[in-house]
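Chain IDs A, B, C, D and E follow the sequence of writing; residue 1 opens each chain.
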Amino acid sequence: MRIGVFICHCGSNIAGTVDVKKVAEEAKRFPHVVYSTDYMYTCSEPGQLEIQEAIKKEKLDGVVVASCSPRMHENTFRRTVEKAGLNRYMFEMANIREHVSWVGVDKEANTKKAIDLVRMAVAKVTLNQPLFPKSFKVNKNVLVIGGGVAGMQAALDCADGGLKVILVEKNPSIGGKMAKLDKTFPTIDCSICILGPKMVDVGQHENIKLYTYSEIEEISGYVGNYEVKIRKKATYVDWTKCTGCGLCMEKCPSKKAFDPFNEGIAPTTAINIPFPQAIPKKAKIDPNYCRQFIKGKCGVCAKICPVQAIDYEMQDEIVTEKVGAIIVATGYSLFDHTKIKEYGAGKYLDVITSIQYERLLNASGPTSGHILRPSDNKEPKTIVFVACVGSRDKSLGVPYCSNFCCMYIAKQAILTKDHIPDSQSYVFYMDIRAPGKGYEEFVRRAQEEYGVKYIRGRVSRIFKRGDKMVVRGSDTLLGTQVELEADLVVLATGAIAEEGARELAEKLRISYDPYGFYIESHPKLRPVETNTAGVFLAGACQGPKDIPASVGQGSAAASKVLSLFSKDLLESDPQIAHVNEMLCVDCKKCIQTCPYGAIEEKKTPMGKIVASVIETVCQGCGLCTATCPPGAIQLQQFTDNQLLAEVKAFFHA
Amino acid sequence: MVMSMSWFIPENEFDIFVKNLSKKRRLFVPVKENSIVRFVEFKDGIKPYFEKQATSSAKNTIFPQTETLFRFEYKKDPKDLKKFSVEISETIEAPETVVLGTRPCDARGFLVFDKVFLNPKHPDIYYQNRREKSLFITMTCTDPEPTCFCKAVGSSPADSLGSDILITKVKDGFFVETITEKGEKLLNELNLKDGDAYSKEAEKVKDEANEKLESPFDTKGLSADILKLFNTNFWEKELAHCLSCGVCTYLCPTCYCFNITDETSDSEGERIRTWDACMFFHFTLEGSGHNPRPTKAERFRNRVGHKFSYFPDRYDGMIACCGCGRCIKSCPASVDIRKVIIDLKEAANESA
Amino acid sequence: MAEEKKEAKIVGFLCNWCSYGGADTAGVSRFKQPTDLRIIRVPCSGRVDPLFVVKALESGADGVLVSGCHPRDCHYSEGNFYARRRLEVLKRFLPFMGIDPNRFEYTWVSASEGQRWQQVVTKFTEQIHNLGPAPKREEKSDR
Amino acid sequence: MSKLSFAYYPGCSLESSAKEYDVSTRKVADILKVELIEIPDWSCCGASPAHTVDHLFASAVAARNLAIVEEMGRDTLVTPCPECLSAFKKAIYNMSKDDGFKKKVNSLLDKPFNLNVEAKSFLQILYEDVGKENISKKVIKPLIGVNIVPYYGCLLTRPPDVAQFDDPENPISMDTILETIGANVPYFSYKLECCGAAYGVTKRRIVTKLSGDILKTAIESGADAVAVACPLCQQNLDLRQDQINRDQGFDFHIPILYITQLMGLSFGLSASELMIDKHNVKSDHFLEKIEKGLKEKEKSEKESISSKN
Amino acid sequence: MTDREEKISELIKNELNNVDFFIAYGRGYDPIHVKPLFVYEEKDLDDLVMNIFCVHNNASYLKTVKDKKVGIVVKGCDSRAVVQLIQEGLINRDNLRIIGIPCTGVISIKKLKEKMDISRVTEAKVESDSVIIKTSDEEKRFEKDDLLADKCLWCQYPTPVIYDHLVGETIEPSRPKELEYKIVEEMEKEDLNVRFEYWNKELSRCIRCYACRNVCPMCVCQDQCVMESRNPHWISLKSNITEKVMIQLIHAIHLAGRCVSCGECERVCPMDIPIFKIKQKMNQIVEELFDYKAGIDLEATPPLYTFQVEEAKIKEREW
């Protein structure tokens, strides 16, 4: 073979602690190496041109670049060698930056390590085979999981782009958290007014098929050919008939059902439509509170329903859909403040969460927009907002900042002043996070125009004294302990992963961080993609973020899908397993262990039964190669001989 | 023919005789390890074991299981990395070797080797070098085992063919007689006692030994019988219980097949010769994946055919089997080559 | 020149999606580590046949490290489950053949755990240095 | 109820300023058949002063007593006073966590302490081992008609991983016992607020402010008396009540009684037996209220019987 | 012929027409050496024997006759190999007719060889618990238990776990279970470098004849085995110690969770190398970790070809 070796300085990142000249010199002595040089910035355009020149001039049939991590620039360099006419898989990288120069202090030892890694890469590339991707037809439907603002934006963009969208939402109606809000910062425009029309668009868009009150049961297949099983949970109301007239809600005798839409600030009826602007505007029965289910007799709603839509015997239903890409927009959940004993562990009625307060502020909320104390329905005069409840708190396992609480606290404080002009709001905060456009000015307005008093300090204890709620905390600017007697306390609870996020990640085969938020493929360069081809992220499921960012990501994910589907055929990654039929003894162990069921049995022309790989299904994990006793099935680019060559190269030195 | 001189070594001086042998030359002796006996290089403190026939033959003394034919290294021209030269270094010189304790069947085995490796047109220089430098001191086989059948293939418990020196155990010592000049030269160095007095007793012991064995089958016409049964299913049925492993071939004094492979590391390597066996699938596997002898039946047919038909036809009747019985004793599946030959002759006559 | 501590030969098989990424993160955060380890990238810890570990040890490795994704977090969903079983069986089997089990470790490091990777490399290198170079098998019998 | 028997460590306060706590504890223990064997040759537990000066010395002083209990063949040391309790608990916690520390402590003692003894407060024994059923069996004169609020102070249940008793934020052990002996327990949010502890000596204003708030909230919640289980809290709330009135401008006269004294009363023991009169703030009014409550109860019972037949 | 041999011949006779051939036990070149007997037609049955020297595991041949209809005579330990082959789908149960022989133990030729010279055995018979061996010049009587193969001393499956016909009454396991891994525990008493040297010495005798692999019933890929292959190129054909150690490790690792402890690998080794305890150690580990024994349950999956999300016995190493 004729191999070219290119050692990168990466400015001083590598050259600083590795003698790159010596490595290049040493590489000249490796077998099959006919060209070896070092270069300031190999990944730069001139750097890549240098490689292409060398390939042409020296007629190279293998290239090794010793620079940064292949996870960073393997594809860049593969394209480079491909442009010079060399098959992109006749290329290997030696990671002498992240794994050598940046972590080793002893220059001599670093250089020796770099030389070894280059020798190993050369040993491997000599056994590389040119590989050619196969192409396969693409199913151009899109699955969007989560009907919040991010999911809706993604669905609309894809649908407008001509793709068929399947939108799956866990709750009875789309709208997510934003539908529960009264107003949005920093413009204080009414949340449902800007969200409602979008929801209607989604509801009526001919390219969007809506599955609400449904969850993902199982996902199989790969990019371009996913098969999704969706569980349509039983609503006990036939939605093809229900017109959303709401008659059943009025007559339903069970009035104490827990209302998830109002976050439990007020009860609702067992059969209910979550909120007036719900899409779809259909009723659903909660079996835990419906007397028909508990006591076995009632049937009021069935009797009075003008279109006989009630069906107590309804069962869950599994539906299968075929899609080519998946956008995950499952949003976030809120920290359960009852875990904090110091704040009363949830036993004080007048200590509520900010989302509950949003429902009180909301005109279509339980108190029609009047702010009333849940304990005695009196109008509170002193309201204390507490920031960072279950955020930025390592002891509660939530060390990160939840991004948007400072802003909605300011908004709620402003709204409180509007609702109750003679009220006085206080905010206990640590630092105000208001980075967005017009955000800082908005908070400034709350302080100056609306007289909200910001107290810089944490709240140590909240307890009842008489009918007042005593909020005790420190005021670090005054350097004293502070006690406020409040009528109402609003806790800004932190954003945590949506319930069930982890199980969904395992079904999607994407990874999640210790807090349950999904891991993007690159925090800076690829925020809306995941490491699993064909699965994209949008909104707070990837990390707490506010509405503008979520909508932005919704569109970003949609554009990724649209570009993925711009071609009719997708190329499959050729780094897949391949069976040497001479060695296969049909012991079926590879078939048994393959996680993707990508191996099947076939008869050779000579009548011998051997294993055979389904190219488009194999994901290249290599499990079969480690399982096959005679080594008949070999994962291309990571064959036994290639890895053994690397091991032998290291121990020859 | 050299005048056969004879010496005598008293019982108690035999150990000194062994030590002297090992002084100037490399000495191989049979040694008992666990329940097996094999030929290893003599070092002080090793107690040779002559009572029983060695489990494995003595062929590893001059035809080792792994042998480096030569080492090679690619040297690149620093100015033009595309140009490179290959430097080859081989070591053929072998030390003077003495093998003490072979049985007549072991020694005869090397006659088969010589026919192949020392043929005048293409002698195998490695084997040739060792063969010339080695010398075999054979012991008359006084208690042949039921599995022995050297008589059937033209040898006998006291056969001196292929040996340089023949030792026969007599009542109070060992009667030593030279067979070849090399043997004589060695013995002269050792100034042993004269052996004439014991030559009659030795002859008696040798004759007795020869009588103890009878020949289980007659090899006349055997070669033709084998060819007659070539395409029948005799082999499949006869050898159904064979495991097709390498035990019989690797213990056999006359099996000389080998494989040559290269083992490289970085830019240097070596070409090695290692034992191989026709009983293995790989032995006849072709590049295309076709294998002319895919099942163990064909392979065993080749083993018997080679020893009793193809080799004798090519080398004027010399049977490539010395009847030592090692393949019978150590076969995991108790395949008995004598029974195969007897059944084979019977089957050939029936189909005649 | 002060007697330079002889470098041990340690080979590491790292899964591309998690541990190799974790080693990158350690690099990006400049978490200093000893230089004895050479990393071989494999698609998944499930790709590491126990024979690779044994072949490395027999070829002269003083230490072998295998690192993959945390269970349940495998990019291929099941690879590390198989690896966990096979490598645990191997680890308990090595001492019977006279090979020191402390010369082989398998562990799970995710792409974000740069600090943990630094700790793994440092502790394992130290463990191997304490054991000293691996015993070589020399020829006992004749050819 | 099987025979409960523990090694008893009274501690210095219960030998002097808080004698009534020791006497009432022993009397309640007798009635409840809990055997308290005083530890022979016990010495100072180190309380908080030692701890602030030298951890090793503090643990050694405490461990000496624990070693004696170990030698007595007992596995639990019981002490009514939370100060002593936290001294013992801290010693055990630090020695079990750090073997080196344990060796250093034992090197200072003539008899080593091998961590086979755990320390509990008498309140914990009452609440967990005796239990409210057995306590209610002994009640003859329930404290009817009075509101009592329990004040736990800061050491009984905290820090949680060392104290390992009741709930660090919302303890209910004393509340339960008070209800068992018939008293009415109103909502009292200052159960765990600091009383100012030893600042009474150096900065009295802090004690009068903090203890003042406690008394204010107690009275506002309608309490007739405050139940305490710690000599220092009792001293700050009772002995210093005049100073509090003077400094904070209040006029409180609310008796501060040990939980064991209240239990004694409900078991029918006399106030003088329980040395209730030893306190600074007199409890006569409080005791009369109980008598009145009892009489009314008897009267109403008689009526109900007469109306029945 | 004993009546047990009669019964077996009878059973084979009626089964002969629905199989291509039957694998039983036949006379060897002397009374103590039995050979696997392939019965194609009735007259082959003349050589049939069934005695204490029938030590072979006839299941070794099933892998080479995969697509044929085969009858087989199996003892307890052999039958476990049949179960394991069926469980892994390597042979088809419908192609098999199985005659089960309840077994009270078979003789280890190696143990006999150490006690007397067996080169001229003329007669061998069993009387209750002792074995009498006659040779041309001596006669010796031994305690049966002294000659039994190691695997028989802790045998837990005297009665075959799978059969179509059972010759004789079932036998309950009476041997002490804990003996199975005694030889492993003894080996583990030695410290590490003693074991290292032990295997260097023992395995140096290996002549790479691959008998241990070819006799193993579970080694279905014997003709394509990586012990000899150039692709993948794990080891060279040299006979130095590292290659010989690798050969044993390849066999042990490929047998993990599949080895049925039939002990044939050690019996057939011409150079008498104690390799069975290597596989026993592997079985001990598999039993410890997954509470699993190979060749018992037809429905099970070998532990290393499946997994649990939460492994009960595998603890993660803390750093």
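Basically, a residue touches a chain if its C-beta (ideal position, glycine included) is under 8 Å from a C-beta of that chain, and two chains touch if they have at least 3 such contacts.
Note that this is a predicted model, so its numbers are computed, not measured.
Here the chain-to-chain distance from subunit B to subunit D, counted in touching steps, is 2. Ranked by how far their CA centres sit from the centre of subunit E, the chains are topped by D. Relative to the centroid of all protein Cα atoms, the closest per-chain Cα centroid is that of C. Simply put, of A-D and A-E, more C-beta pairs touch at A-E. Chain centres computed from CA atoms place D at the largest separation from subunit B.
In this assembly, the C-alpha centroid of subunit A lies 73 Å from the C-alpha centroid of subunit B. Between subunit C and subunit E the centroid-to-centroid distance comes to 36 Å (mean Cα coordinates, whole Å). Averaged C-alpha coordinates put the centre of subunit C at 58 Å from the centre of subunit D. In whole angstrom, the spacing between the mean C-alpha positions of subunit B and subunit C is 47.
Residues of subunit B found to touch two or more other chains are 65-66.
Multi-chain contact residues of subunit A (touching two or more other chains) are listed as 582, 593, 627, 640, 644, 648. Those residues of subunit A that touch subunit E in the complex are listed here as 580, 582-583, 585, 587-589, 592-593, 627, 629-632, 634, 639-641, 644.
Those residues of subunit A that touch subunit C in the complex are listed here as 69-72, 95, 97-100, 102-106, 109-110, 112-113, 116-117, 120, 506, 509, 511-513, 519, 531-532, 575, 593, 595-596, 619-623, 625-627, 635, 638, 640, 643-644, 646-648, 650-651.
Those residues of subunit E whose C-beta lies close enough to touch subunit B in the complex are 21, 23, 28-30, 33-38, 40, 56, 60-61, 64, 110, 113-114, 119-120, 205, 207-211, 213-215, 222-224, 228-230, 236-240, 264, 267-268, 270-273. Contact residues of subunit C toward subunit E in the complex are 50-51, 54-55, 58-59, 71-72, 78, 81-82, 84-86, 88-90, 92-93, 95-100, 105-108, 116, 119-120, 123, 135, 137-141, 143.
By the touch rule above, subunit B contacts subunit E in their complex via residues 33-36, 38, 52, 55-56, 65-66, 145-147, 237, 240-241, 243-247, 249-251, 259, 261, 263, 272, 274-275, 277, 280-282, 295-296, 328, 330, 332-336, 338-339.
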